[in-house]
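Per-chain numbering from 1; labels A, B, C and D assigned in written order.
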Amino acid sequence: MIMKSFFKQNPGDPKPLKLVIKRKVRFDEIDPLRIMWHGNYASFFEEGRISLGDKYGFGYKDFEKHGVIIPLKKFHVDYMLPLEFGKTYSVETLLYWNEAARLDFEYRIYDEEKRLATMGYSVHLMVDLQKGILVVKPAFYEKVCMRWKEGKL
Amino acid sequence: MIMKSFFKQNPGDPKPLKLVIKRKVRFDEIDPLRIMWHGNYASFFEEGRISLGDKYGFGYKDFEKHGVIIPLKKFHVDYMLPLEFGKTYSVETLLYWNEAARLDFEYRIYDEEKRLATMGYSVHLMVDLQKGILVVKPAFYEKVCMRWKEGKL
Amino acid sequence: MIMKSFFKQNPGDPKPLKLVIKRKVRFDEIDPLRIMWHGNYASFFEEGRISLGDKYGFGYKDFEKHGVIIPLKKFHVDYMLPLEFGKTYSVETLLYWNEAARLDFEYRIYDEEKRLATMGYSVHLMVDLQKGILVVKPAFYEKVCMRWKEGKL
Amino acid sequence: MIMKSFFKQNPGDPKPLKLVIKRKVRFDEIDPLRIMWHGNYASFFEEGRISLGDKYGFGYKDFEKHGVIIPLKKFHVDYMLPLEFGKTYSVETLLYWNEAARLDFEYRIYDEEKRLATMGYSVHLMVDLQKGILVVKPAFYEKVCMRWKEGKL
């Protein structure tokens, strides 16, 4: 089965960066129907995104150290299967290549039987706290991207 | 200015149902950047959606009384302007006409200067707790829809 | 009936400052038992506390303008009656007089039949972002307290 | 150093049951001061409590299977050191012996340097969904208690 992505890619683009974390659904995350409340997926995705960023050197704190924040422009979730209290899920986060000063993250949540329960994405801008919205990537992230393109990440 | 909708409409479809509520951003809803955390928009939208449903007789409790729940299939947010701590916003919720057993909600958040800060949508299925996913609307909601179509809501 | 307070008061202390706000229990605040999840009371209390502070000129933003934050030292809740989805409650917040650089807040939540559903308190220190924990009140708050003692608030 | 407990114990009472879990502070759990928002401790404590209950056979689901829920009567937190974004803490949960149909949990959060950051407690009643508040422990939990008293847990 070929998994369709939310983001279009061009020939020659390096493959997405990827990381999988595990997370258990807590009692305070479920709703009266005993499944995870739909708004809590944002926290699952964010934990995946932060873990991916930390692994490759462009986490929240890395951007911040360079005076840049990465606010969301778009956020999307497709719900396929509900997440249940006390069960542990795999959250797969992918970062797709983009030439622009923008971060395209995609998320896939799998249950313990490896069934796809959720797909989603978020698009982030880069905002320099002095200069406003960036049109080119900050230098430290450009370096990460060069190594990514060279297949060194 | 013509506001583009997320949902396609056909000629002859009745106009969307609409309700506006006010909501203030609380301290526990903001993040370290002092703007509303992106995951909390789900709560703003839900409050709008529930208020709209309660007004027209198809709220959570109405569906539930008929053994039907309305889980989300899709959820989407476009962030234009950040929401700030202590400020009050207008949350406009619209329900678009759909022949199928499905609810298409759209959301628009405006600040006090009437600038559009956020747009979003959610798509809900109807699930009968005995029979599973419904392909036709439950009778009580069908009645609401008939009055909607006749311009009586 | 005499309502017992969590805080001891001395003869001659001015009466507590008081404010009542209304708040409805939202869908995302209830748990699988369909009552408000116990951790969400912190948000109800905080909304009451901020409203009281704003009214009398010592809100979060007032303290912050003077370089002072007011972190919690203690937090306590006694649950008497559950809070139910969609119902509106009165949150009464009281600030008790204290000679020290410390804020003693008490909270009482009443249902629509005026039954006492919840009591709680929080104790806050005052921390100057330069100088650390304060042993005397900052000047702007000392002025508020003088007017409070003179019965002018 | 002798750690003081919130709960009084009698000579002959078996020692508290204890479990330690690890938990990292997430981005959505911190407030504008970049420390964990005070209301989120309820979730840390609950995760500890559920893990302890699951280990010894009296978790939420065990009680529920027997038609009993365990709502909170009291909740308390003493804040000593703030919890910081991205750091991992040890949450120690203790259940103290009680002859009555009541659960007395105590919580202690330690940072990576083993400094005590937080102490707290929660008191839970046992409520039979048919019969109301229980004055004696349900049979399944009484059995757990007998083994606890015999030092077999």
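Rule of thumb we're sticking to: a residue touches a chain if its C-beta (ideal position, glycine included) is under 8 Å from a C-beta of that chain, and two chains touch if they have at least 3 such contacts.
This one's a predicted model, so the numbers in the text were calculated from it and none came from an experiment.
Engineer: Select the chain at the greatest separation from subunit A, using centres from the mean of Cα atoms.
Structural biologist: Chain centre farthest from subunit A's centre: C.
Engineer: Counting C-beta pairs in contact, which chain pair has more, A-B or B-C?
Structural biologist: When the contacts at A-B and B-C are counted, A-B has more.
Engineer: So what's the Cα centroid distance for subunit A and subunit B, whole Å?
Structural biologist: 26
Engineer: In whole angstrom, what separates the CA-based centres of subunit B and subunit D?
Structural biologist: The computed centroid separation for subunit B versus subunit D comes out at 38 Å.
Engineer: Taking each chain's centre as the mean of its CA atoms, how far is subunit B from subunit C in angstrom?
Structural biologist: It comes to 33 Å between the two C-alpha centres.
Engineer: Hey, what residues on subunit D touch two or more of the other chains?
Structural biologist: As it turns out, subunit D has residues touching two or more other chains at 27-28, 37, 39, 42-43, 46.
Engineer: For a test of understanding, state which residues of subunit D touch subunit B in their complex under the given definition.
Structural biologist: 27-28, 30-32, 34, 37, 39, 85
Engineer: Help me check something: in the complex, which residues belonging to subunit B touch subunit A?
Structural biologist: 33, 35, 37-43, 46, 69, 71-79, 82, 122
Engineer: In their complex, what parts of subunit C are in touch with subunit B?
Structural biologist: It comes out as residues 26-28, 42-43, 46-47, 50, 60-61, 86.
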